[in-house]
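First chain A sits with chain B, and in the next complex the same chain sits with chain C.
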Partner chain A sequence: MLKNINRNNLISKGNDNRIYVFLAIVFIVLAFAYPAFFSSPNIKALTTTCLLPILASIGFTYVMIGGNFDLSIGSVINAGSVVCMGQFNQFFRGFGGDAGGTGALVGAWALAFVCAIAIGVGIGALNGFLVAKVKVHSFIVTIGMLTAVSGFVYTYSNGNTISVNSYALVDVIDKSVVSLPYIEMITPRFLVMVAVVAIFEFVLVKTRWGYDLFMVGSNKESAFQAGINTEKKVFLSFVISGFTAAISGALFAVSMNAAVPNYGERGIAPLMMVLASTIIGGTVMTGGSGSVVKTAFAVLTIQSIFNGLISMGMGFDAQVLSAGVLLGAVVFYESFSLYRQSLRKGERPALLKEAAELRRGLSAGSGT
Partner chain B sequence: MLHINAVDSGANAPASIKKSSFSTIANRFGVFLMIGALFIVGAFASPQFFSASNFLNILSAVSILGMVAAGVAFVIYCGKYGDMSVPMVMAISGVISVELMRYGLVPAICGAVATGAVIGCVNGVVIGKLKVNAIIWTLAMNFILEGLVRWSYKGEQIYPDMATESTYQTGFLLPLMHSLDSHIMEIDLVKRAEAFNGLAQTYFFGRIPLMLVVMVCVMAACYFVMSKTAYGNQLKVVGSSYDVGNMSGIRATSVVMGAFMVSSICASLAGVFITSINKVGAFYVGQGYDFQAVTAIILGGMSLAGGRGSIIGVFGGVFLMGLISNILTLFGVGTFTQKMISGAIFIVVVAVNARSLRKLGRDDA
Partner chain C sequence: MSDTVTELGRVVLEMRGVSKQFPGTLAVDNVNFQVKAGEVHALMGENGAGKSTLMKMLAGLFSDYTGEILIDGEPVKLTSPMLAKQAGVAMIYQELSIAYNRSVQENVFAGQIPTRGKVIDKRALRDMTVDVLRHVKLDGKVDPATPMKNISQHESQLIEIAKALKDNPKILVMDEPTSALSTEEVETMFALMREVKSKGYAIVYISHHLQEVFDIADRVTVLRDGKLIDTCDVKDVSKEDLVEMMVGQKMSDFYKRTDKSVGDVVLEVEGLTHYGFVHNVSFQLNKGEILGLAGLAGAGRSELGRVIGGIDRMDAGVCRIGGTALKTKDMCNMVRHGVAYLTENRKTEGLNLRLTARENIFSAIIPKLSKGPVYFPRSGEAALDGLYESLNIVPRDKNLTASNFSGGNQQKVLLAKWMATKPKVLILDEPTRGVDVGAKKLIHETIERLASEGISVLLISSDLPEIVSLSDRIIVMMQGHLIGEMHKEDGFDESKVLLAANGERSVFSVAY
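And now, the complex of A and B:
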């Protein structure tokens, strides 16, 4: 009996940290199959591709821990990038363009980022209000928001790519802090990502607010009975999701020096990337468990697989297939284990054992 | 009409019963009130609004959406929120039909529908048996299918009249067909492709498109199944409460599975037609139909909590979607803004619906 419990604990612990096992396996396989994988330029390229999905998945993980879903994330990323670029152009012109010097540049970028974040937070707040207060199911709200926001993005950009003529900020945020091999992947954009992940992981794991969010996700009723303002928690989780999605889109657009209204439509959809990495990273679909850091490592795992596939000369298509199959397999596994658990619901192991002993005793008694 | 619902939970019992029967009618046929209101708006929009050709245009523009919505309505009716794998089911069955078109139209359509049935069966087993969250699973399924289509075609599109040697190197069935049938290169592909592309351009009496007729037939069949058969009643019970259905001797798992199969089969039929319209099979042909179908169904008065609504309402919702887009176009509103407006309408309708039902204490949607 005791042995059995220990084994189960070990399995569940292994499942909780499965993402590190996955990552190790992927790294080992790639190290043999693709020797250039651990070269410094490749590591830098790999971390750069991870930045957008990691930032966007922070908020998604929060929403999912709270027991909801935010499918509008792809549109919000586009909204953040398009608004950031478009508003920069307007403000920069307003401040006198190139004649304004550094002051105009800094001011315009700051205001553009404020606008992008405001759009993201606004959309998140609307989502959160509809889910928490009006009590509409989060899928339905965010699917509607997905369409409405993507209509807004197309209207704002007129369906065109918005580009920026100033390269000043790109040069800063994508420049290596120290240009030594393997340390060159540390750029200001990378540091922003690490800081945001650290802050949100800290809030989740070390603060009262984070504990409460876990409680809301695992059992809303008991969280309410324990005096937690569940509506506020859910609302804020959506606001955080809008915030991180918008900021990831804005930073990505800055690094590309251009914003497109349909990022990922013909390539790999950000929603797919974020959903897959959040679920593979161990966040439970029904809420109440998860971690921002594990999600970030899941993004790294998936991007490493993509990196390996590219090195084998495969395009987007094989990447979409591999991520889809991985997501499908993990969802299936999770739901299968939930199904097994639900079959055992209400089972009393001690009572069963007693009954079995009783039966054995009875049959032994009848035998003699 | 939904406000009436919210108000009439009064204390006066007989009056409340009388009123609630009125509000039930308003709830069920509210979409037709909205259509009536839009008729008045349309009359102001343009003198050509009330012409037979305009109405035929509206209906044929939404006939693909109608086919999809009729199927997804089954999923929502049994309380599973939606089928997000619809876009890729449309794409994959379109591609399969283009491949099989070499042997004629009937095998093409049968092959597409069979593909849809298989996908729906997989969805249904996983969602019905393992009780996975339907949206997450169908979304994952959508991604898997997208990867499958794009990977097997290396990101290329497939044209019905394309028949070079390299065409037969990629695809699902083409390499197999090529290796099994040595005469496949001799098929008169131009004629077959014309027949396939002509599916969307077939008209009855010179003006009623085939697509519209098929849509009405699909709607009628779905109406019959949902309202007049034992399966429809089981679906209603399972949609209202899964556990009650399960405990009253209904095989809830198979009922849910059936709903997902109907949804996928309808989507695959729509996929054949949309591929025929576009004259190209590709992974992106069905994009956006998942959301539009859910919007039409919600507008048609079907409750997201399941077990409430009817196919007649869904037909009204589909027509309403076409009407809104037609009137906005007559007013000169662009496509992008139309998208924004349809998203906003969806959110408002769902929010008002959920709020008024909650106030009545009838619903948890």
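And now, the complex of A and C:
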């Protein structure tokens, strides 16, 4: 009996950490199939592609741990980027443009980021209010918000790309801290990402707030009875989601020096990337279990696969297919193991021994 | 449990003239309820009598009750679960409120995880959990870091009790804590309850089991239709008194059996095996016979029923209906050949609670009501009227959503669903679990009537009086094996069946 429980524990532990196994496999395969994979420029390029989805997936993971979905991040990312760019242009002009010097630049960027974050937090708060207080299913709320925010983005940008004439900030945030091979991917933007992931992972696994969020996602009723303010937890998880989505979009736009209203409509949408990574990274779709760090490693895994496929000359069709297959396999495994578990509920280990004897007897009988 | 021992016999909880209105009904009507320290106070009543509502009020789940609640003589307003907890009320629910993908320690200390500064103190959490588990003697048996999904049901229940005790409550409310437990596990639970009450805790105990009330309770309060009927010492009342108080009429011959002869073999099972659950089971079921299947929880009774019903796979063996061997693990096929399995989980497996009673009852006979690919529900209306009439399903509204029926009437709807298939073999798994006395009586009468009409019934039940009085013959399972058979002519009673289920071989007519 005890042995059985230990085996179960081992299996659940292994499954919890499956993303590290995936990542190791992908790295080993790519090391052989694509020798340039581990070259310094490629590592830098790979890391850069991960920044946007990792940042945006933090809040998404929080929301899913709390037992909900936030599909609106797909357009909140775009809202963050167009608002950041558009507001910068406006504030920069207001501060006197180039004549305003460094002060105008810093001030305009700071205000632009505040605006972008405010938009994200505002949308997250509205999502959170509708889900936590009004009790509308999160899927419906956020898919509606996805469309509504997309409309706002087009209105705000008039459907045009918003670009910025100042390269000052992009020069800072995308410049390597130390220009040495293999660590040149460490840019200020990368450090921001690492810091945000670290902070939110810490909150999740080391503070009471995080434990309470897990409890809310795992069993809302018992969390409520334990005196946890479940509505507030769910509300805040959506606010965090809006915050990380908006800031990821804003930083991405800065590094591109432009914001498009329809980023991700062709090719691989950030929303799909984030969703796939969160699930592959081990966050349980019904809530109650998951990790920001594991989601980040899942993003890295998927981007590595994409990177390898591109190097082999394959287009984004193959990328989408591979991500889809991996996601499908994980979701299938999750449901199948749940089903297997339900079949074995109440099984008597002692009877299995007898069953083995019976089976031997049957095969011996049919043999003669 | 630190020593906040309350003086035994003092009134800890007093509810004065409390009422709770739901749309359309007065669920609790001006009830006075008192619980003393160091007593187990049973709260009884049929389904819908207001027990659960009264206890939910105590748990702080309603903010709009009227009347007065006093704890230790102090008037309190219990309008949120947190307030109720602070006032010293701890609830242990019928449906376990477990977060399955979190660990034991996180479940026990949900919402009260210890911290050092802002950071979780894992070592303290572990030590505190071991301390709490000591109350229910699980320290050393259960590792606090084990995920709840890897813990057995019995242990989960004990963990729930430990969790309730950790807050040093004054009043412990237990809602049907024994419904999923085996006989030994119930004994463990009762021993624990006796220990807890001797320390001065007041325990409110909700149960449908009359026997359990006499085994464990000191006083009993009966509710009917939201009103208080009486509170009395258990030693002053008999089972008949209690039943009368609950149903409001004198109970005469609760179970009645007329002798009858049984016909030919209808169902023949030979060497049936489902690896890990049921091992090499053989028996025969005759026409018009009620065959009781007894055993302790986890003996493999439901598992056997599920294999014959075509839900779970049969790894070895043969199952014959009227002489033809059938492919099981094909429920449609089994239903077509006249086998119906009534599940023990009516809310999750038996009924679709969001559909109406009519849709639920017709759900198993859609092919019969169809001509080609077109479904004509109207053609079943006459049969439906008949079922409603014979089972006395209340309310008579066939378009009422299943979730709006009381537990007893939901069970009747489920029985009607399988009766509608006109089965030859009816497998009933706990047909009266959690239903009120009136519905129970009616279901028993229906089972008798079906048998006299020639339907063979395999009755799986943990309710000893039920299985003893209804069965013509009883077969007994233990740990996945069929261990023996008891015949009515040799005489069986509750104690013999209980002994048999515990593996005592001398009581069998035929032991295997």
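To be clear about the criterion, the second predicted complex is superposed on the first by the 337 of 368 C-alpha atoms of A that agree within 3 Å, B and C clash if a C-alpha of one lies under 4 Å from a C-alpha of the other, contacts with A are read in each partner's own complex, and residues count from 1 in each chain.
Note that in this section contacts are C-beta pairs under 8 Å (C-beta built on N, C-alpha and C of every residue); 3 or more make two chains touch, one makes a residue touch a chain.
Remember, it's a predicted structure, so these values are computed and weren't measured experimentally.
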Partner chain(s) touched by A:214 [first = chain B, second = chain C, both, neither]: second
Which superposed partner A:284 touches (first chain B, second chain C, both, neither): second
Partner chain in contact with A:143 - chain B first, chain C second, else both or neither: first
Contacts of A:224 with chain B and chain C, given as first, second, both or neither: second
Chain B versus chain C as contact partner of A:41, first or second or both or neither: neither
Touched partner set for A:101, first chain B, second chain C, both or neither: neither
Partner chain in contact with A:181 - chain B first, chain C second, else both or neither: neither
Touched partner set for A:344, first chain B, second chain C, both or neither: second
Chain A: partner with more touched residues, chain B or chain C: B
Intersection of chain A interface sets (partners chain B, chain C): none
Residue ranges of chain A in contact with chain C within the complex: 5, 8-9, 12, 205-208, 211-212, 214-215, 218-219, 221-228, 284, 288-289, 341, 343-344, 346-352, 354-355, 358-359, 362
Of chain C, residues touching chain A in the complex: 59, 81-82, 85, 91, 97-102, 106-107, 110-113, 115, 118-120, 146-147, 149-150, 273, 275-280, 298, 300, 303, 312, 315-316, 479-480
Interface residues, chain B side, partner chain A - complex: 81-82, 126, 129-133, 135-137, 139-141, 143-148, 150-151, 153-155, 284, 287-288, 290-291, 294-295, 298, 304, 334, 336-344, 346-347, 350-351, 354-355, 358, 364-365
Footprint of chain B on chain A - complex, ascending: 69, 71, 130, 134-137, 139-141, 143-152, 154-155, 158-159, 265-266, 269, 272, 275-276, 279, 285-286, 315-325, 327-328, 331-332, 335-336, 338-339, 342
